[in-house]
Amino acid sequence: MTIKIGVLGATGYTALELLKLLRRHPQAEVIAVTSRENVSPIAEVHPSLTGQYSICCENLKPQDLADRGVQAVFSCLPHTATAAVAPELLRLGMKVVDFGADYRLNNVDVFNKWYNVIHPDPERLPSVPYGLPELFRDAIRGASLVANPGCYPTSAILPIAPLLKHGYVAPDDIIIDSKSGVSGAGRKPSLKNLYPECNEAISAYAVGSHRHTPEIEEVLTNASGKNASVIFTPHLTPMDRGILSTTYLKPLANATQEELLNFLKDFYKDEPFVQVVDALPTTKDVIHTNRCHITVRTVGSRISTISVIDNLIKGAAGAAVQNFNILFGFEETTALL
Amino acid sequence: MTIKIGVLGATGYTALELLKLLRRHPQAEVIAVTSRENVSPIAEVHPSLTGQYSICCENLKPQDLADRGVQAVFSCLPHTATAAVAPELLRLGMKVVDFGADYRLNNVDVFNKWYNVIHPDPERLPSVPYGLPELFRDAIRGASLVANPGCYPTSAILPIAPLLKHGYVAPDDIIIDSKSGVSGAGRKPSLKNLYPECNEAISAYAVGSHRHTPEIEEVLTNASGKNASVIFTPHLTPMDRGILSTTYLKPLANATQEELLNFLKDFYKDEPFVQVVDALPTTKDVIHTNRCHITVRTVGSRISTISVIDNLIKGAAGAAVQNFNILFGFEETTALL
Amino acid sequence: MTIKIGVLGATGYTALELLKLLRRHPQAEVIAVTSRENVSPIAEVHPSLTGQYSICCENLKPQDLADRGVQAVFSCLPHTATAAVAPELLRLGMKVVDFGADYRLNNVDVFNKWYNVIHPDPERLPSVPYGLPELFRDAIRGASLVANPGCYPTSAILPIAPLLKHGYVAPDDIIIDSKSGVSGAGRKPSLKNLYPECNEAISAYAVGSHRHTPEIEEVLTNASGKNASVIFTPHLTPMDRGILSTTYLKPLANATQEELLNFLKDFYKDEPFVQVVDALPTTKDVIHTNRCHITVRTVGSRISTISVIDNLIKGAAGAAVQNFNILFGFEETTALL
Amino acid sequence: MTIKIGVLGATGYTALELLKLLRRHPQAEVIAVTSRENVSPIAEVHPSLTGQYSICCENLKPQDLADRGVQAVFSCLPHTATAAVAPELLRLGMKVVDFGADYRLNNVDVFNKWYNVIHPDPERLPSVPYGLPELFRDAIRGASLVANPGCYPTSAILPIAPLLKHGYVAPDDIIIDSKSGVSGAGRKPSLKNLYPECNEAISAYAVGSHRHTPEIEEVLTNASGKNASVIFTPHLTPMDRGILSTTYLKPLANATQEELLNFLKDFYKDEPFVQVVDALPTTKDVIHTNRCHITVRTVGSRISTISVIDNLIKGAAGAAVQNFNILFGFEETTALL
């Protein structure tokens, strides 16, 4: 069985990674890639796809996709743009994985406040599963629409959620200091992501105001049953890709570092894409893979977790393929090893 | 008046920066550079000094330096090596700025424990000023030996100390998350500082065990009169130079962000090398300078400071020249603008 | 059918890439990885293999490999080390792909002169095929031992050889200016490949003396039937991986740029891993792939080709897997798309 | 004596470097910085100038500058914009150093063709000196307007011109392969200079069509008296700054490498900013300085020179200050050591 696939908003970095991954997927065939402005061959937009894809970008509507037989849509559109077309895509029988934030939050008021918009499809929010299979696999399995997690949230939720749920750490004093490669800022030219501005430079940004903050809080709360409150500081780091998140958590129990390590190892022992490691990880251990490496340390009066992912793969395109595999009943690791 | 200068351990990166700065100092003349292993012209060791210095590295003893008329010694030797020669250098009438950790701590037991050695010159520790002029200028002025601060401590103490002393933040819940360029790891080849290991990679290291932890704690305690306890996590960042420190502090007073910003601006208003800025700083704003840029934010239940320095200049060679200027009564900014 | 594989010298960067590629190969099973000094789990040597490989490095002899049933050996050993064991590996029935230079040249005198050694297995040289399938596929097919090409030669031979053979360019005035990422310098720590030495720096090295010079000359001569003479200048470029080679060739015919482009497109039209492109390529188009992108320009009195590869993949591990696929009759692109 | 200075087009990278250098110049006072669009404090445009400059960008006309007493203008405007105002600046008695290309060529037809415009001030071209003091110091001394050289030309002309003039190399077969940091592409956001496009990537650009080609040809011809013909290929290299130019020259005489090295050392022996070195240079030896390091090698049938500069300093702002010093009779090295 081969699934016919459409990719919405195919000119950015996450779409590029997605197209590379799908090239390796024996049950996936990309038959449409869309752009509102660009009608070039996708291999001109992304020269690294030369010889890999011969299709061109098109400005397509949901009905066009349906007419061509598209069964699965990956949407890399900016926020609110997916929610504007998702209802029709679903009505036409397509399954949808949304890379954006439109369906990540359950609470539409939180969405409207943080994204400063009116959500176009608010009723659907509470029922869309959060596409982090390691925590919500069952909900994803039966869904038609999956909200692919944000990159920072993936890096932070995977280490914290189990500790929080088990009662090892307090929900109201969670500090997350994250460092991301520049591809996370997207492919639209602006002064802040010019090479000579980013290179040889590290900076904090969106301090206290990054939109992934409520996402982390809500998902941690849902996953643990505790009302999580998060301080989150992202940093722009001079590298293409990769996120490292260092957390500072307040211990509730008197657990040793070894106990915490073993707990996490056991929690993720059956997960193909989460490795709990003894040594301190570097982003280089996981870039260009769908894996998350996690370790934990007790430091003075705090518990620190350190976790690394590739923001474009486990933090975006890889997780999307993982969700696609679940949605269609394929082996979850297909195209991801 | 020209001061004759000797540089001990001249083959590393901090010595290189020092030699570049001293080239611009109208009252400094470097007449000796030492190395235990290398007898090459210093311009071969550091090709960027070609045409700037014609002297060669030599293996010199304190008496050799005295015989040549050296009046000021900058020591870039590894820890305990300076303390092994400092007493004789001082006895022979030279003034000494130590780049290393030997005289930074007052408490010799803390030193011996964290550095896992027996300090060769323990009696002197309590009387050596910590060479951070912004906080200890008066003590430096009359000294013969100055302990140049560590790079991470400089980046963290400058923003925290005033807030702590004034009672804005609690002394027992100080979290410092620092990101440093690779030059901080020195110039000795090892797997961990190879280009293909560091590039496109960020990692935490020495979590809970970095030797700058007790230094930050002791200096914050001395500067504030409060018993500071610190959690410090350094990260190796893919860039040559620069440190950004993000702190997470617990507020004691109910101060607004604006009040905190104004307080810090006022505190440092006369300091030529500390700029309290409104916008979020990047390391790129200060690399290749002796300046520290600081800002402060209130985020949820925390106060965050964000500060940036060049680890090799304000974090090492620049601070050393600043201390040299104070020791010899020169304008403090000489060679540093 | 699954082939049991041994990897000699598994601690370096090319071996790491090989192990990643073989993980995706359905007919390959790595059962032994060797090191003379290291007996750690391979996933500790290369943390990015965590969860992917559970075997440990061992110091194994050819007979040990045979005893375990190894059928194919990839050798990432330093020069002359492979030639010291290859005869026995072959005698024991294993097929061998050598990443090193030992069997690349036909002329042992040239080898001994440029590598400043006595070749341990000189008689075999003339009969070992050069493992560039695009030019020597038939010879590889029937072989037991293949000499995997050098990274720079791959980048330069692919564009030049067809032009030379067809008489478009002169054999005696070939200039190749190549730029390589730092991983090409290997994983052994030395001052020259430290991060702070390589970063923000480009330099020429081995000018007039790089050992890939005679390799390029001999292979171009063999491929074209003309006596090629080459000036080759490699440059160390601040990036992990990738080679871009710019050539300056002397035209013999009066061909237009369009004719040259079409000629090359036609020449490589059936090759899955060589793309002749119209636009100027960047290394980023091909890193992390087994592909080579080539273009050609007429500039004043010269013809310039510009070609890019990933030095670790098409320039090493990918080409090795391609040769392995040919040796064992697998689809040539297996594990390489 | 202090010279009052205006900087036109102050928002880019070369202007930033200029402002940093002038901060160290005891006889320079910057009293006006202009921008057509930006009226922010210059320290907001360039945060690294915080605390160094308090003036704001303004949209000023030549008469405004004259009214304020500006005596020297550095123009960092795009091409033809300087030539549109230079006549009036000169008429008002100001001296002008132009960072752009407007007055670099003597031949207006060549200018109009390569820049695809009509030059606004064509009569002046033949009389404006080319601001490379090492070759044209006398002409600069008496001038009112100086054409600051292009960055690539500086790196290529300094090594080639003496060899060409002396007859060591042929004028009609000059190949220049240059590698530049990304700051050379300016500070205007575009896809091609985004961090994730440039990082981990090297590419050739403007092959056969770069506007520095006629500049190099004309200046080499003027400097040597021989009709120089040049093939020039620039490459975008993943680093902030620095240019390395590798040349491939055809020998006319039978000179040894040692003779060529000694000839160049002698030629530049009195120049403070040109160092002829024995070892192969790296851009890192000269970035953040006004120096050019050059070496020469004989390789097969060619002579290769390898030269390095900082494109923003010796290739722009530093050369401009050097010219300013000559124009006003200051010590040529002022603010540049």
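Just so it is clear, A, B, C and D label the chains in written order, and each chain counts residues from 1 on its own.
Please note the rule applied: a residue touches a chain if its C-beta (ideal position, glycine included) is under 8 Å from a C-beta of that chain, and two chains touch if they have at least 3 such contacts.
Quantities reported herein were computed from a predicted structural model and do not represent experimental measurements.
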item	value
Chain of greatest Cα-centre distance to chain A	D
A-D against A-B, pair bridged by the larger set of C-beta contacts	A-B
Distance between the centres, which are taken as Cα means, of chain C and chain A, whole angstrom	36
Approximate Å spacing (C-alpha centroids) for the pair chain A, chain D	46
Whole-Å gap between the CA centroids of chain A and chain B	40
Set of chain B residues in contact with two or more other chains	181, 197, 199-200, 238-241, 281-282, 284
Chain D partner contacts - residues on chain B that touch it in the complex	23-24, 44, 47-48, 50-51, 200, 272, 275, 277, 279, 281-282, 284-286, 288-289, 291, 293, 337
Chain C - residues contacting chain D, complex	173, 175, 177, 179, 181, 197, 199-205, 207-208, 229-231, 233, 235, 237-242, 244, 246, 248, 280-284, 287, 297-302, 304, 306
Residues on chain A engaged by chain D in the complex (per definition of touch)	13, 181-183, 187, 189-191, 193-200, 238-241
